[in-house]
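The two complexes that follow have chain A in common; it is paired with chain B in the first and with chain C in the second.
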Partner chain A sequence: MSQKILMRFLRMITLMFGLSILTFWLLHLSPIDPVNAYAVSDTSMSQEQLEKLKEYWGVDKSPVKQYFSWAGALLRGDFGVSKLYRTPVINIIKSRAMTSFVLMGTAWLLSGVLGYILGAVAAMKRGKLLDRFIKWYSYILVSIPTFLLALILLLVFAVWLGIFPIGLTKPIGLANADVTLADRLRHFILPALTLSLLGVANIAMHTREKMIDILNTEYVTFARARGETSWQIFKNHGFRNSIIPAISIQFAYFSELFGGSVLAEQVFAYPGLGITLTNAGLKGDLPLLLGIILIASLFVFIGNFIADILNTIIDPRMKRGDIRC
Partner chain B sequence: MNKSKNLLWNRIGPLLMSMLLLLVFILSGCSPSPTISKSPEEGKKDELVLAVGMADYGMFDPKKTWGAIGQIRLTHSSLLKPTKDLTFVGDLAKSFETSKDGYTWTFKIRNDAKFSNGDPVTIEDVLFTYEMLKEDGIAFDLSFVDKIEITGNDTIIFTLKEPRSTFISQLSEIGIVPKHIYGDNYSGNPIGSGPYQVTQYNDGEQIIMDYNPYWYGDEPQFKKLTFLLLKEDAAFAAAKAGQVDICYIPPKFAGQTIPGMTLHVLESVDSRGITLPVLPSGRTGNINSNEVQVGNDITSHLAIRQALNIGLSRQGIIDVTMDGYGKAAYSIVDGTPWFNEKTVIEDGRIEEAKQLLADAGWVDTNTDGIVEKDGLKAEFDLYFPSNDQLRGDIALAVADQALGLGIKINIMGATWDEIFVQGKANACLWGGGRLHPHQLYTMYSSKVHNKGYNNMTHYANPVVDDYLEKAMYAATQEEANKYWKLAQWDGKTGFSPLADVPIVWLARVGHLYLVNNKVNIGNQLMHTHGYEFGLFGNITEWSINQ
Partner chain C sequence: MRIAVQPLLKVENLSIGFSQYFRGTQKRVIHPISNLNVDINEGEIVAVLGASGSGKSLLAHAILGILPTNAIYSGSMIYRGVELTKKRKEELRGREISFIPQSVNYLDPLMPVGKQVQIGLDKQSAQERQKMLFAHYGLKESDGKLYPHELSGGMLRRALFATSVREGVKLVIADEPTPGIHPKALKEILKQLRQFAKEGAGVMLITHDIMSAIEIANRVAVIKDGQTMEISAASAFSGTGEQLKTEYARRLWRALPQNDFECQELRWEA
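For the complex of A and B:
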């Protein structure tokens, strides 16, 4: 096991290294000129201002040089300074990562559990009204863009019913020191709900398919013939067999969650890494973009790592090495 | 089977029920807690909640461009400030003068100004601010300043490398920061000498500003301002939920009413127009130091530019694209003291425009509806940034109307990066508008050809150049304004609709706000390009409607 973890760790280091080069290279190839992106707001900038701006962004240096100066600093633990916000990247990530990860983590967990239950129920009730309802619900959700669902929820719950606030992580105009946990929770619910509702569809449909496969197997027919109830079939055969793909899918879904959270964050003015990431990308803020990408990929990597460990625990065949993940 | 169904339900049922209960508990348990610290109905109202966009642009630090779009009147003071009729008067400066030759600017500052921490604003702070920004050189252009000196404890003297009457723009936009406090973390602790101080900044969420008790000007009625950093849709939803006092809205929402709020359409100099390259194709030049194609064989004909200028209906475009919430524009400075009012023309004259084209040899010979001359079809591309809906709509309306004149315009949605490549060889949907005349110089002077993003059309007219230089060299604002006006139209030539029109200006976008009926936002200053801050130029005059 420890050897496996060590191997994983090494793989992670090389992944980070490769990823940073790839990001760097892609951004270099992209048509986005950070100087243009900056100057859009003021096209009367003088040539002298632009020269200073280029020097500041470092675009006058060769990309290889730029990369090594960035990577060198990173090895010393310095993520660099965001060109856009003129603030150390690590400060920006710190201030936003917690919000983001709590939001995404909750949404991820909720959508996983709910999605799995819905998918399993739909498969057990295949063709019945409940199944049709769950399918219908999932199809609608996967086709709704995140921001639309966010706006609808905002309209219904914040504007018409007034039970939730319109956005932000804390009450309007209230000093940080006076914000209670209950306040934070109230502000947290709508964005988390938006993300959870969307995530449900994916996992529900996958679980449903997998569960139907399982229910069609001979061992389930045999179990039924032995007089096992639906619940027993689910408990004895369905659960373990369907949870593994569900877990893998849900962990892979993590990266998608990032994309969805950008839009939800924007609608609810719920500041997280998502908005910062898009800004950094669109304005060509390399240090910030690289910083967030590294942190995010670390997160996804750890997620997948946990999935593997969980799968090993759930499925004894993996531990024995009968099948490899 | 029936039995098994019940069993399943027995197992899952309680789980579902408990989750439902938990949800209800969360909802009910939290809803009584106060969400908003203000309530418009109760007692004396001295707080405002504002959803006016991304109000943290520049993050309170002049080095991060705080001030460049007029934000500083809330939190900082500057040497000069614009008045409602757009003359520039002293703010921190109690007196100022420009030498006859325009090279030396001398300011005496007031001695009663204090920062929000109680420290006096000294001449050292002013010197520090300007030297720091000159050294940085990005946020504000101060490259034309040769040296800055202080004498005594209240006088600062700027010596310029070349005369520049538009220095007033920097002087009224640069907020003074305290020398002994300013540092890399200034955004986190932005101490200034304006009517308000930033007491809390939740990045990406809200800014809370409280009254600065050391403020030397008129005491504002509203002691606390909370800015919500919401996008248009969410801001409007917040207004509908009754949580904000002032909300900015795009024209598409203007038809909707919210009880207790009134729509204010505020005049702006936020202008949109189309740049039309004045040179024929086949040349090269620079945009931001990159070599690009310059010139267009169609728009280089004066008849084409003039036909569009008099033939397009500006009001028609405003009605279609902004639901009428705008004003016709004939320059980028309409409504300012440096706008030449003689250059307002009657437009929508389709027949005259067609005649003008015909007289210049542009005739539709092959009856395809588009005019030709010497085998050249009157067809060109008009670029607009595809992420800007308003500009896209205007481009579409222009193309539609132009077709009626016999001119075919292909609209091209693109990124700014592409526009900054195509911009000198094609028409572009351009925008701008400030509370100072410097853009007239950067858009029309031949001295700035190939510099930055200036003079996209490569317009050059020696007479205009001469007026522009004289305007820059002028020692007084009146004298400068005289030359700015002459550059537009001196009776014979100019860049206005009456003569060369390298840029056909079309509309000034009305800035729309929904304002709580109880709040009086006073007599507003002209709003500028960039939405969020024009509103607060007169914040100390705001009051409660009885």
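For the complex of A and C:
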């Protein structure tokens, strides 16, 4: 078991190494010149100043040299300094991560619970109107791109109905101290809703399939022969046999959740990690981009790792048996 | 006596069909069971005897109303004088009608065995009752906490058997409860089936084992290809089978090694 975990972590480290090289290389190939991107906002800079900036940032050195100086610093725990914000990358990530993780966490929980319930209900009522409704709802949702759904929600709830604000985490022009929890909540609902709605489809369809399989097993046939009602069958057998796969699917969903949050934050101008990532990419802020990518991959890795653990260890059929790597 | 006049369960002209697709789009209906008749009186054990694939298990599933949804069936099933409708089956199963399934896959793989035996028992006494049943069938108390994959096939069969023992059971349908079971436990199970009958319940023992069928059954129904060939008293299965009504039953009986096994009649060469 411990060997398995160790192998997993080794894979994690090599993955991060590969990812950082790939990111570095892609950004090197991209036509974005960080100095130019930065100077757009300040046209008064002279050629000399630009040259100085280049030297200061170290972008005049070869990409291999740049990579090694970055990686060397990282090994000492230093993520580097953001070119855009002029502050250490780790501080930016710390201040933005909370916003994103609350958003993603809420969406994760909501979509998990709601999706599981919808999927289970659809399976129990298979072929009925309710099942068809849930199926179509899920199909439509999985085919809608995140940004489109975000825009539709924005149009309906913020523009037409005016119930929710169009973006940001707090009202414009208010000092942090004056912002109430209700304000934050009002700004939080639309982005969280966007992410939750999208996550529902995935888990609902998966749970529906799993539950239909369970309902077709011999042990459910026997349960019926013993006079168990539909509710008892769900309570005694359906839930027990479907909840672990459902939770593990939901953990494996972390990657799409992060991807979704990048898009949703963009549409709602919600200042979390996602929007910072986009900015860093567009402005060629390499240290910041790499920092966020590493954090995101760690996040996705942890999700997959938990999913893996749930699938192999929590199942009582594995508990007392031998666990193979 | 009225009891003798009216059987506990009377199955008449039962026919079960499945619609299925073949060659892609053409739909056809296959009939694994057609024209099946069987009846059971109170306090009687009737063995339903037939080869694999003869439709024995389907008969059990039809009586319990647990056939797959694509099954269509016709014919009549009269239980205690009243037609067994879908609704009535749902009310009776697990209460008056008990089922002992064929395979250990009928147990939930993620639920401890003891808990599965407790399902359907009166909540307050369920645990105690389950422990009593386990002791009765030679299972340890600690076995109740184990999951199905942690018990042997024979132990699981005994646990399955324990699920059928209920207050007020009037009809027990046992679908091949015996294979793979320890001789001592087998004896216990046959004894329990007899006990059901002694207490006035009707027992339908579905099996392909002629010897255990005639050992405990009052009557034997021989099934072939989903049809009842004959129903005879268990005592007719003796000697050369001259008391049996059909050639098929006689051949079946004589095919046993101890009964002058005649392979010519079975036409191995054909």
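FYI, the second predicted complex is superposed on the first by the 232 of 325 C-alpha atoms of A that agree within 3 Å, B and C clash if a C-alpha of one lies under 4 Å from a C-alpha of the other, contacts with A are read in each partner's own complex, and residues count from 1 in each chain.
Just so we're on the same page, a contact is a pair of C-beta atoms (placed from the backbone, for glycine too) under 8 Å apart; a residue touches a chain by one contact, two chains touch by 3 or more.
Computed from a predicted structure; not experimentally measured.
> For A:Pro31, using the defined touch cut-off, is the partner it touches chain B, chain C, both, or neither? Pick first, second, both or neither.
first
> What is the contact status of A:Leu129 with respect to chain B (first) and chain C (second): first, second, both, or neither?
In the superposition, A:Leu129 contacts neither chain B nor chain C.
> Touch check for A:Leu75: first (chain B), second (chain C), both, or neither?
In the superposition, A:Leu75 contacts neither chain B nor chain C.
> Scan A:Leu181 for contacts with chain B and chain C and give back first, second, both or neither.
Touch partners of A:Leu181: none, neither chain B nor chain C.
> Looking at the overlay, does A:Ile13 come into contact with chain B only (first), chain C only (second), both, or neither?
neither
> Is the number of chain A residues in contact higher for chain B or for chain C?
B
> Would you check which partner chain A:Tyr85 touches, where first means chain B only, second means chain C only, and both and neither mean what they say?
first
> Considering only touches as defined above, state whether A:His237 meets chain B (first), chain C (second), both or neither.
The second partner, chain C, only.
> Across the two complexes, what residues of chain A are contacted by chain B and by chain C?
Touching chain B in the first complex and chain C in the second, residues 232 of chain A appear in both lists.
> In the complex of these two chains, what residues of chain A are touching chain B?
Against chain B, the touching part of chain A is residues 31-33, 35-37, 39-50, 52-53, 56, 85-87, 95-96, 117, 121, 124, 151, 154-155, 158-159, 162-163, 165-176, 180, 182-183, 185-186, 189, 229-232, 234, 265-271, 275.
> Sort out for me which residues of chain A touch chain C in the complex.
That would be residues 217-219, 221-228, 232, 236-237, 240-241, 315-317, 320-321 of chain A.
> Using the touch definition from the top, list the residues of chain C that touch chain A in their complex.
61, 64-66, 90-95, 99, 101, 103, 105-111, 119-120, 147, 149-150, 163
> Under the definition above, what is the set of chain B residues touching chain A in their complex?
1, 3-5, 7-8, 11-12, 26-27, 29-31, 33-38, 47, 49, 59, 61, 63-65, 68-69, 136-138, 141, 143, 184, 187, 199-200, 202-206, 208, 224, 226, 228-231, 233-234, 237-238, 240-241, 243, 288-289, 415-418, 420, 432, 438-439, 442-443, 451-454, 530
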